[in-house]
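Following this line, the structures themselves.
In the two assemblies presented below, chain A is common to both, partnered first by chain B and then by chain C.
Up next is the complex of A and B:
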């Protein structure tokens, strides 16, 4: 029976080659366009730290000044997205979080003493030692620097696996050293690569700009007068503020004032620890408000990695608008196919009439016609999956290089595509098949 | 004249088909009007004049291997050598690459009236005496810097008092002091305004980063110190190879990196908008093709279905033109209903976009224009099938009875 219906369907498709291919193409293009956008949105909202979602939080404080036009960069919730050095140092004193980190991005010329590899400028993460424990980055060789290195200048460095492979062919390089801006740093550990995309841990330099393969201890700031390779915004108002001219004092001024440039994460696994941490932060804020370091009322935000992605607007409004447009376009394509299929099947209603008159049941007519529309739908869907790869190729040409690396369909988006194609073909097929099965045989025969 | 009565009765007997086309036309209008508006909006944003000679500029950065900071004397030597190359118009240093959307921004405050200070977010661009000519800017009044003006304040938020003067774009002067006010000699952040240049974008292309540019003659030896080279037309690609070679020869112990034309920075700064324009344009083309081809197919099918009726009409004396007119009117009627529904839909879609995604409200002109476009699309798509249907011979009516 199935084979016979299939045969009939195929013959019917062949009888109207132009209209049939038009329907198939329409469905294919609709599925492809919507899948391309759904994939883009999916990869942009990918949370590489989903496992730690209930444990780790990014902290923001209402620390901007109340100047006439504060140029401090804020997120959607109106709070600056970075913290000042002074605040970060005070918070690091707390022992409530299981792990906590203050960090920023930096860059330096990387070379080896023996000049085996070509020198290059590399992005570096300057962080307190808990980074690896908090984000769950395992050590392959060696271990993290001592706590003291977070406070005093110790020229130590941790490399990730790809960097170690490039510089030392993947050998255990612990104890050897690399040069940063011409100064030697001793390697204390090699870690696995940690490069979530988007880089949830630091979204201040674009959705993919926060990853680095080289890690330096936090205590080096004063020794190197380190400025971030990224964003620093200062909001310094008030009377009698004199910017020092001496470079050392100048740097100290930046560290002690409202200059925002550090990311801050705290691991708070239980509700109690979270409450306790908030209390601690409140206490610190109110105390600093008395000496005018904070000018605004107390507000804070602790965001989980997924909330952090949302707050930073990684999936842009443009992407969302495009996704809705694409889904609307899919609806247009489905409606278009239903209309065409309906008109086509109705033209064949006389055939259905003959079959009905010869004793075929309504459900037989229905399933025969559904098979035909299903065939068109499935062909459209399969072609659509192919087309969506073209669409993704087009998107890859438009987005930045970092983004282009992740704009590929995965099992999840392919599954959605298949479902969408099936749904589209069912929607496009069911109604016309049902309509045709309702034709009364007498009327169709009469009009012959 | 127009067979509205028979057409409506026929459509009523075949409601579903007509209804589907109406919905499709409405959705098409919704997509096209909103997409066309966003595309046009973004294109205008991208095409805003920058005021600098972006086509003939490229930039590069230097990373010292031993010392992260560049030495001023070395920079002066490098720039002098670059200027001597044939094909180079001028060269200077800057604190960032033009149009790269990264740089140094700061609030500038006009404190002439202490009760009502005026603060404006400003692009703070440090450069040397060649900066004006290198960027291709035009001076409106006063002067640009000379070689003795250079200050060395170590950090980009230099003390205004250290600087010998400050040059503003007219846009910034207007925002701070009022339209067309003479600002020469005025005090700003502890420094004196010595010149005004024509409106321009330098570090940033996005207005939310900065309203205008304040030029300062300040040498800051840090990572982002950038060499900017202006070439004679047509010399850019050649000099982008020659200049790095020259710099490497002058001092091999450093990395010459990020050699890029300024147009590339501009394109990158606008990438989000450029990709939106391209994706929406493709979507518009696709939705118009799908709807257009759909109408073609449907009119063909409907025409075929009614071959006998057409034959009868022809046999009863209707001209070919009358048959064509019937199909075109039928189509126009359906698309018109769809378009009217589509206006409501467009406004609703736009309302949602305004509410949730910070898009701006759709101007009426776009709706009117898209309405016309969709109607025309329906008419054009129906033209060939209608003509084909009109070819049905009157004999057909007699034959198949």
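Up next is the complex of A and C:
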């Protein structure tokens, strides 16, 4: 019977091409607009680190000074989103977390000694060695630098697969070297690409700015007087503060003061380890409060990757509001389709009367007409996919290049699109189909 | 075959209640050809619709082929209608954008026959009404008489025991009307019970029995009891 109804539906769509196209178009536009927004929200709220959600935590401390608080460097929970070098180094001493990292973004001109590739400025992640273990980034060749490189300057580097492909055609380049700002660094390992969208590990440079293809050991700071390619805010108050004039001392001053520029993640797989770590952090904080490095009362936050996304406002309320508006628009489109369908189907009521006289039950008439709506829905959905691709293309034109890379619909959103259209049209079709199946056949026969 | 006892049918609108049928009783035996006449508005169509299970009634009882139709669900009534009853209308009521073959196919689809069975029945029915050559034509491409014959083929395809015709010749000229009448007689001679509403006294007389409805009642008692 399904095939028969489908055949009838197709015939009916062909018989009223204008009204049918209008319905298909209405649904397609409604679906496309809402799908564009849903895709956007889906992309923005995507958590590339969802698997580690109950293992790894971003750490925040109430480390701002008591001066007028600058809200730009704090998150929704009122805590600064970065840590100071001094704090990071102290916390790294703890052996409670299974893995823990302090890191920041940096940038340098990348070249090869033989000048085979054009020098280019690249984003670099400067991190302690646990980065790869903590985020689960597997090594293809070689291994991570030694622990010592997190403390002393060792000119080593880890590349990710795309970078290695670009520079060395994907060969095992371990043992060879690249130049950063003209200085040679020995390659110790090649890892898989780690580029979650959004870049959960570091959201300080926007939702997509935290990914890098080159990794340097943390111990290089003093040797290079490294400053982050990103945010650093210092909150230094007091009466007798003298900013040193000597460059080395100056850099030391930054490292030892309330300058916030490091992301800090800890892997705490069990509740016990989490409690123990909090105790450790508390102890450190209270101790440092005594010597006035911390001025405020103790407060901390350990956020899972999804909490971290939420806290950083990656899925902004704008996106959410827009999504709701788009869905409301879809409802309007559905209501419109109901009106169009009603007009169309009621014109078919005398045919329904004949079918009833020839033995069709009410439910048969209902199914036949509902299926017709369903067909329109599928057509609307398919067209809607096309439209939403256009819509996303438009969005890509509006947003930054980083963001544009990820504003594509995946199988998930495409499936949702079709389902939505189908659901929308079935919903739209229910009432007209019910109406027509309820009409007395004697009545509709007479009206012919 | 058909046994109506004291059937009442009232159409109510906000202001008036029309008694379309009152205390309407009628028996039709299997194989009979009954013609129904009566003034306009007397309740003839109402009677056919109730007989054909298209319309509920307000009082009395109705048995079709031994089955009391009171209290049947919609799908049971539809099934009964599909299997036992064929309808022929004054306005032919062919589905305009289905060709003749597909029109005749409609009741068979709801019957749930397989493709081969449907094809055989459609071809048989079209042959019976002399329209085999027109199977692929649309209704609008046929004359009125041909359209009515197509409608008769559609009514016959399911081999119903009972044919209900509401002024089947009302839209046809005399020659075509006669052709259709002959066709109906032929169908009746093969065992199908027919109840036909008509305004044409000549055609009415050709039936085995004529009943007259006046004001929602069977008027001629002698005829009613002559069964």
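Here is the rule we use: the second predicted complex is superposed on the first by the 403 of 448 C-alpha atoms of A that agree within 3 Å, B and C clash if a C-alpha of one lies under 4 Å from a C-alpha of the other, contacts with A are read in each partner's own complex, and residues count from 1 in each chain.
As a working rule, a residue touches a chain if its C-beta (ideal position, glycine included) is under 8 Å from a C-beta of that chain, and two chains touch if they have at least 3 such contacts.
Because the structure is a prediction, the values reported are computed rather than measured.
By the document's definition of touching, neither partner reaches A:422: not chain B, not chain C. Once chain A of one complex is fitted onto chain A of the other, the partner contacts of A:255 are absent, as it touches neither chain B nor chain C. In the superposition on chain A, contact of A:435 is made with chain B only, not with chain C. Put simply, more of the residues of chain A are touched by B, taking chain B and chain C as the two choices. Of the two partner chains placed by the overlay, only chain B lies in contact with A:329; chain C stays clear of it.
Contacts of A:276 after superposition: neither chain B nor chain C is touched.
Across the interface of their complex, chain A is touched by residues 45, 49, 52, 54-55, 74-75, 78-79, 81-83, 87, 89, 91, 93-95, 97-98, 106-107, 109-112, 154, 158 of chain C. Those residues of chain A that touch chain B in the shared complex are 18-19, 22, 26, 29-30, 33, 67-71, 107-109, 111, 119-121, 181-182, 227, 229, 234, 243, 245, 247, 250, 254, 316-318, 320-322, 325-326, 328-329, 331-333, 335-336, 338-340, 342-344, 346-347, 394-395, 398-400, 431, 435.
Residue ranges on chain B touching chain A, taken from their complex, read 16-17, 20-21, 23-24, 27-28, 30-31, 34-35, 38, 63-68, 105-107, 109, 117-121, 153-155, 157-159, 162, 222-223, 255, 257, 268, 271-272, 274-276, 278-280, 282-283, 286-287, 290-291, 293-294, 297-298, 300-302, 304-305, 349, 353, 356-359. Of all residues in chain A, only 1, 4, 11, 15, 350-351, 353-364, 440-442, 445-446, 448 touch chain C in the complex they form.
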